[in-house]
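By letter and in written order, the chains are A, B, C, D and E; residue numbering begins at 1 in each of them.
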């Protein structure tokens, strides 16, 4: 990630746009990747013998799920990086926050696509399969995490609080991943890893994976820069507020 | 100043506080949804679930309601505002109706979400004819719950250890609502082959209940809240 | 003319403890009465009793012509009480709070604005939620709510505490005006110089009784 | 002053407050029992009940626990005592351990009652061999719950709308405990023909969980509570 | 000798509002410093900052030789704070409260008894639960807890408010003794006569700054 300097002179920070050449190229790549995903996912890849065209949901469902994992892990790692004295910087906190937001978004997509798929292949939107439930919990946990980020206090307080929550929350990811092993599942077992997918399906899945990965990185970069600017704005607002506050004295 | 104007005044105040603090939308709703998920998980067994879905909707409503009522009176007794209200000569009946109104509105929002959750999560679905019944049930039950909640919330507000006294006081009283609403909802959902016609008597019970506590509260609230 | 407050041998009990042990008191219309006395003497209890918040165990107590030993609620909408607590809604803005309490007696927007003005809360502070006020600013807000209530009998429990010099002047002026306008004021306070200068009469409370 | 001595000091204080106010015994216990009865109402169907009894015990525990945790921190933040505690330089780790300890003790009392209630109400019965498993489960789960409760309770204590933020934060996290404890208890009760040997892995999970939050809390509590 | 409190251009923020807007202050050992200033000036904020309860946003702040801008927790067990709130446990008796706070610094039973004595709480009141005390009696209890804490730096926010004449004398005596014994005392108050007589130095706070 390209770290943004902690925003002391707010104005300059705000004047700077969130795009750089790199992110523009990246954005183009994202569009391209999505186009490929549509091409392969909807047209080139074959129907599944059991699930017919329904299987095509896979190309969104699984990548978003995995990217959500990644996002949450990134949140955890950068939270740790923040807590670790020598690397302490609000940039880590912002990355953590941004990543969590994207993760929640992706996990949401997983849930929606999943339940749609469930309607198709199981005939129901939702069931108390272990993976589905644990996924739901993971989703809520990170909503809670975002709520904690909004508790207020100084930036440092926000960072410290949420970092701890993040470190505790990330432990749920393996819980979701292995849930299919631990509890009687209805949900798919590991099928990709065991190579149960036909070549073209697998390829389409990887296209999707790459496309969403690019999207994730792109979103992350922009989001955390926007956050940096928000923080900068706070500080800038503080300068104005300080002037007013001092004026209180004069008028007395 | 008429009791009714005071009620409006207080309901408006409570709702404004809610708007400012966003508690219901940001926290109670997720909580309620979560409660449903918890139930579902604790009894993970679809056969069971769909059968008991109506009951769970109401259980979840009730637990979330406990939170709401607590909040509603925490706001009053935090800084001795309840005293001030009394001295302000605000008619107890007015306070009661006002707070009930606000509570009912918040509850309604809550239940709609829970209902949707139930339909999605537990694959409960409403038989066409049942819709009317369902609406009737919800209106009656909500009113009743709001009245009971306010009545006992007010009673507990004075006492110390409020947060724990409240559930104790409320749950047993609410049991009839729970049963009535559950049965009526089952009828509406057509669970266990119940037909909506079977539901209406229950709605009757709910209405009776609501009327009873509405009246009781309006009359008795004064002597309940003043220490 | 009948007194605004007339207590004879009033006994009040809280949790088995006689907070008032036979209090006798007579307050005429337009008076500003200072209640002084050591901590735990019963000043707050006396004020709460007059406000109809404390049941009369024994003795007779007439407030504004109502016998509160019989019916405590009758007087309530005619008295205004500022206790140790402020009775404010932390999530609402200063203006919203004053507006609400004003509305309970049907005060108009102008009257509400006037009350804010009176306690120096117009301007930036008016729109700040109470949860973000300093102690003294909260006290001012509570006073503004009281002013907006336009009561016949004002009961104030240590109103000066937490107020700065300007606030105290605002307060004293407000109370004097109220008394001049025919209201009756009872103030419990430990700031004898300040409150003494304000009061038209001083009584001392000791051990739940009024010493005369 | 050692962290552990402070923990004992605070636990003693909390328990004394409890003794004075009798909240757990007079209010939370009945509440918990009530919750069980409510469940019984909501899903009145013996076949189902016995099957889901273990899950219900833990659901009830959790809801009662929400009440307890709220109370535990209401006591602190009511009059700004949490501030005072911090200024008193009382080590956050100590506060955490102390409050967890008190909470765990209160929870234990609670669970025993619930368990008995379950056995009586739902005709659940413990397979002889399962007793040890059951005890282990309860100890592990209780510790875990106490830690989680204290951790998030402390976090929410500062925030406004505390009473509602708490459940949102806590429920998803305690879900694993709920699952683990339920499965282990099922094994102990021999529900659905589960054997107690199946239970032990779950106890392992519970212990892991408790250790995790115990450690996390002791280290991180300070930065969570300071506003 | 280094100062007990040394603030230079300290800025502190609450909810986006700069409660302290560049405060400079230097307090020597053994001083009794009075902080005066209008409501909302920042007195409470300043005291809370010195107690390590309010994060330092900008500027440098040394308290008892610890840099609280870096680590706020270091000073905590060495300062004692009496805020607007009392920080008491309502269900516990007066004695239990004082004993608990005393225990946090390992005070002996004698020292606890002495603190109760000091604030005139020995006797009946000692065993009464705080929830049944009058406002002033609670304030006394809070002060007794503070005394039992034997801090190096005492921070008091309007300690006189709510105390009766006797209580104020007890308080002043206590603070003088503490200062004489080498502690440092900072008092925020609006009761300028009373607190002014007590203080060895007075500074005015306005608009989040210390006016000199």
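The working rule: a contact is a pair of C-beta atoms (placed from the backbone, for glycine too) under 8 Å apart; a residue touches a chain by one contact, two chains touch by 3 or more.
Computed from a predicted structure; not experimentally measured.
Under the contact definition stated at the top, the chains bordering both chain A and chain D are B, E. Looking at chain C and chain D, the chains that touch each of them are B, E. Looking at contact counts per chain pair, the maximum sits at B-D. Relative to chain C, the chain whose mean Cα position lies farthest away is A.
For chain B, the chain whose average C-alpha position is most distant is E. With centres taken as mean Cα positions, chain B sits 36 Å from chain A.
The distance from the centre of chain C to the centre of chain E, with each centre set as the mean of the Cα atoms, comes to 29 Å.
Centre-to-centre spacing of chain A and chain E amounts to 46 Å, using the average Cα coordinate of each chain. Shown for chain C are the residues that touch two or more other chains, namely 90-91. Across the assembly, chain B contributes residues 21, 26-27, 30, 34, 41, 45, 160 that each touch 2 or more other chains. Chain contacts: chain A has residues 133, 137, 140, 143, 147, 152-153, 157 touching two or more partner chains. By the touch criterion stated above, chain D contacts chain E in their complex at residues 1, 6, 9, 13, 16-17, 20-21, 75, 78-81, 83-90, 222, 226-227. In the complex of the two chains, the chain C residues touching chain B come out as 51-53, 72-73, 76-81, 83, 85-92, 96, 100-101, 103-106, 129, 145, 149.
Residue ranges of chain A in contact with chain D, taken from their complex: 133-134, 137-138, 140-141, 143-144, 147-148, 151-153, 157, 160-161, 164-165, 167-169, 171-172, 175, 183. Residue ranges on chain B touching chain D, taken from their complex, read 21-23, 26-28, 30-31, 34-35, 38-39, 41-43, 45, 48, 51-52, 55-56, 58-59, 62-63, 67, 70-71, 74, 160-161, 163-165, 167-168, 171-172, 175, 178-179, 182.
If you check the complex, the residues on chain A that touch chain B are 115, 124-128, 133, 136-137, 140, 143, 147.
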